[in-house]
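Two complexes, one shared chain (subunit A), two partners (subunit B, subunit C).
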Partner chain A sequence: MTLTEVRRNPVGIRPRAVVVGVTAVVATLVVSVFSLGTGDFPIAPADVVATLFGAGNPAHEFIINELRLPRLIVAILVGAALAAGGAVFQSLVRNPLGSPDMLGVTNGASTAALVVVILGGSDLQLSIAAIAGGMTATLLIQLIAGRALHGFRFILVGVGMAAILTGISGYLLTRGQQMENARALLWLTGSLDGRSWTQAVPLLVVLGAVLPLLVLACGPGLRILEMGDDAASALGVPVSLLRNGALLAAALLVSFGAAAAGPVAFVALIAPHLAKRLTRAPGPNLLPSIAVGALLLSGADFIAQHALDDRVLPVGVITGLVGGAYLVWLLTTERRAGRI
Partner chain B sequence: MALAAVLVLSVGFGARFLSSGEVWAGLTDPASDYYRIVHEMRLPRTLLGLMVGMALGLAGAIMQALTRNPLADPGLLGINAGASAAVASAAVFFGVGTFFGYVWFALAGAAVVTALVYAVGGGRSATPARLALAGAALNATLYSYVSATLLSDTQAIDKVKFWTAGSLASADFETVELLLPFFLAGLLAGLLVARPLNALSLGDDAARALGARPGVIRVAVIVAVTLLCGSATAACGPIVFVGLLIPHLVRPVTGPDLRWMLPYTAVLAPVLLLGADVLGRILGSPGELQVGTVTAVLGGPLFLYLVRAAK
Partner chain C sequence: MTRLSGTGMTLAYDKRVIAEDLSVEIPDGSFTVIIGPNACGKSTLLRALSRLLKPATGTVLLDGRDVHSQPTRTVAKTLGLLPQSSTAPDGITVAELVARGRYPHQSILRRWSAEDERVVEESMESTGVADLADRNVDELSGGQRQRVWLAMALAQQTPLLLLDEPTTYLDIAHQIEVLDLCAELHERQGRTLVAVLHDLNHAARYATHLIAMRSGKVARSGLPGEVLTAELVEEVFGLPCRVIDDPETGTPLVVPAARRRTGDLSTNARI
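On to the complex of A and B.
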């Protein structure tokens, strides 16, 4: 992408990106309908759609609106939040592996949440702690890395922070009793079991506020920023304001996502990658990433619920399996291309 | 210099046993009240700490030389986590419960990750930040794998939970004896590659001109790292930063020559590990803070300082 291209098309709408985004949204809707229709009480896709538009029978309405829909909404929202956060992080540190899972943000949320689990706190307290922990870790990393937020220093500080927090989490796990540990590990893996409107509504409000702001205010700037700080300054981008703002917004999204479903592995890493690969566009690809993230997590949760007959897997197991394989593949190909 | 080494070593031991007179009595006099404490609890723990510290320090030093990367550390790069993941699988899927069973799984896990890290970080294009990030990604993957695996078996959680944080608490003479052959093999391999690795640091062509064979050396280093990290992790779980920090502290004193660096590292690394262990028991009393947690909390800020100082 050249400078003239940026000037001519500042919002950066590309036909290919639109196609990818729309396809991912449609695929998410299809997965949603199947997900809502599958379970101990199967409902035909046509009835699912009818119920969603308010024309179903009372039994279907109860099952879908009260039991299955909240879980699906949380899956979609968490997927979108993690993907958006991951896209911003990868763009800011200019490294395809620079996702919040690796840079200590998610670890901050996990460690704080573990403290609450060990102390036997409620689910609400756990969520608040996770959000506070994620934000605190981000601010600390930013503070230690210095104002300049150089890509590589931010990475190293983040990696160091992640290692410290992992050590503390290990200690916390040994303090817990067997039941608490089971709860802690379930949370750490990431699970959507028993999610209701109480989780979905706050998430919806936060995403509704932060996502449009991020996409509209930071998206174009981030795209220019990837060409280098000097070029971006020359084009009139307020570099440090944009960076700090985008970083905080991304950390907020990731922390809220983790608070609602646990630190589901790899969504923040993979969704932006897939989006970028599919759109072949430079920049953070925020909207396609969000759509792909929603598709990934809702799809993974569908698999997690129905892969085994006798029990429901935590969704993090599925994303972890897929993500681990993807990571190994990514490490080898990116290495060959000399980008890592 | 040998005197300094012995001195440091004895400080490590001295800090370990709080009253030196009682320790001496416990060590030598079977009639003493402390004999059982010292011989059955303190001594194996100290020996284990000594071995694990040496193993991690040496592994860190030779990995830093091999990858020409100052931030290489078996903990940060995910090698210890690879061994952990293999042990968790062993405990959950194969019902393995003894150290002798764990160690083979740990070695296999460490070998796979070492090879992967080398594949990613061995080339010239890999900068420290990129390698660290690749390692962090592997770490995150492997930890999520460990928690997902343990989740399926609540019995296994209790069995291995101490061990996932990195702890010397399970030490007894049996573990020490079982660990010893693996540790000695790794130690020998590590010390033997010191000289050829020096040649390799001049570049492959220069090394060949000096009569070394780069391919053979690399394989030997990977074997040594695998033996050292795998056996250390099998004995007491993943421990970070020991392999990173000690070579950094040693290098200004000895220079980059591995023949000098490795002995110094081998002396100082156990000092750090045992010191962290003692600190963990003081701070955590009446229980204990796991040594892995202490090294992470102590070593982490030092790592952050190194990053800041490096510009």
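On to the complex of A and C.
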């Protein structure tokens, strides 16, 4: 045992985690360039990069900056937000399946959004309702689960809440007219069609404020919290403050993500999981998760836009297919390895 | 003068009262061991002393101030705790786990220093887990794991360290190993240790100060030789026994009374 051996692993930031994070960021950039260059009006990758740095021609500038970039930014941000929220939830409830889509947070956003759709509200009203719905569901779950917020209790209450909200959503859909239902279903699948700077800017502002706060202020504490409440408390973690703060921040991220793109399936569940599997590091792996989430959603939206020649698929279809397949694959390999 | 004490404490979980008007003092520099039958409130007392449980009434004083009025990080620099159940996160290595003991000494601005590194290495050396530094904690045996947790608590560098049943689930050799280690830390590093132990003979052998509890009250406290008598064991545990001198150390050794041939368990047989 020498000093250098300890130095290799100072407080758990592993080289492998850095590699995973950087790779995901680079891959996201590559996907971005292709995504911005592909469409009815193809633009060469070099021109895309030139345009992004302000050296493109006016036509390219309009197509990229006004039409394609906002959509891409929303995809990246929503992916990052859902992944960060998912990582926090999974860490707080100490369960890899404890993601906000399973625990009723996303359902809260969906149900509230459906109400607005049925009442014929505007897109802005829909977004506000989704945020309010997601936050209300989170607060309700926490209220019912009790202040202790033990992982198991929170999961049970959350799953129950998700079931109730799914029921309400189903009822709302039976009440809606055809036009409204088409809009509702598209939103429920999760879609990035027609996203403009109007959606991108608020998301940028919220993420710009919440993400650094989450990573810097909650990240180290969340890692300690995984050792149990008592151990964390003994190490000086203000347990209930941290839990409530992290939960609030995570619910905010997930709700804003859902408000901007709809309850896109599986990203919040899969991104942190994938990140953890790749980094093999303990802790919520916030930064790698965020990078993987951004890559997942921007990649999925690229596929969704160009998989079929004649039409654009909602991005939720792709994340659902890919996420579901990943989960099945994961369960089979884990089973074969005898871990479950 | 004691750095850690509790006065007039009522300890309760919700409505279930565990102890009333409980007062204890932890002598500075002692290796204090708390003994008592199941559900007598000894672990609850430890939770109260380590500010995990807020007393319904009464106060816990750490360095003359209410432990609950101090910032949790400040307390964590003075008072360490090794809880009965902690989970090692999946895939964490020994060095990483021990490094987490440095958490109270870090902040957003001060993340990881040469000092942290030195302390982590020393903690691993003194608990004999330095060779395991890069191993995954989940691969270790129960005894090794307990030493790793101890190393983490040591890396916290608190003058006071509370241990909740540190020998549970360990076989006899590992129990002795962990207790020897505690005694060594107590003697060499001058830390005040407080441990909850089940085994009376271990308690008698290692403690410099013994607190015997029964139904939420301190039945007796003081030097092990004075506290641990046959009368006390019978009073506190309801167990008839003889107390003889430990042939190794001369400390009290509790020998439970043999079941009488007639098989009448209800009489408190004295041998």
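Please note the rule applied: the second predicted complex is superposed on the first by the 317 of 340 C-alpha atoms of A that agree within 3 Å, B and C clash if a C-alpha of one lies under 4 Å from a C-alpha of the other, contacts with A are read in each partner's own complex, and residues count from 1 in each chain.
Note that in this section a residue touches a chain if its C-beta (ideal position, glycine included) is under 8 Å from a C-beta of that chain, and two chains touch if they have at least 3 such contacts.
The model shown is predicted, which means the values in this text are computed figures rather than measured ones.
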Touching partner for A:217 - first (subunit B), second (subunit C), both, neither: second
Touched subunit A residues, subunit B compared with subunit C: B
Which superposed partner A:39 touches (first subunit B, second subunit C, both, neither): neither
First, second, both or neither for A:161, with subunit B first and subunit C second: first
Touched partner set for A:245, first subunit B, second subunit C, both or neither: neither
First (subunit B), second (subunit C), both or neither touched by A:121: neither
First, second, both or neither for A:228, with subunit B first and subunit C second: second
A:282 touches, of subunit B and subunit C: first, second, both or neither? second
First (subunit B), second (subunit C), both or neither touched by A:202: neither
On subunit A, the residue positions that both subunit B and subunit C contact, one per complex: none
Contact set on subunit A toward subunit C in their complex: 1, 3, 5-12, 94, 216-217, 220, 223-224, 226-228, 230-231, 233-238, 280-283
Sites on subunit B touched by subunit A in the complex: 71, 75-76, 116, 119-120, 123, 125-130, 132-141, 143-145, 147-148, 150-151, 154, 157-158, 161-162, 164-167, 237, 240-241, 289-290, 292-297, 300-301, 303-304, 307-308
Subunit A residues touching subunit B - in the complex, by the definition given at the top: 95, 97-98, 101-103, 144, 146, 151-153, 155-164, 166-168, 170-171, 173-174, 178, 181-182, 185-186, 188-189, 265-266, 269, 314, 316-317, 320, 323-324, 327-328, 331-332, 335, 338, 340
Of all residues in subunit C, those that touch subunit A in their complex: 47, 50-52, 72-77, 80-93, 95-96, 99-104, 106, 108, 111-112, 116-117, 120-121, 124-125, 130-131, 133-134, 153, 156
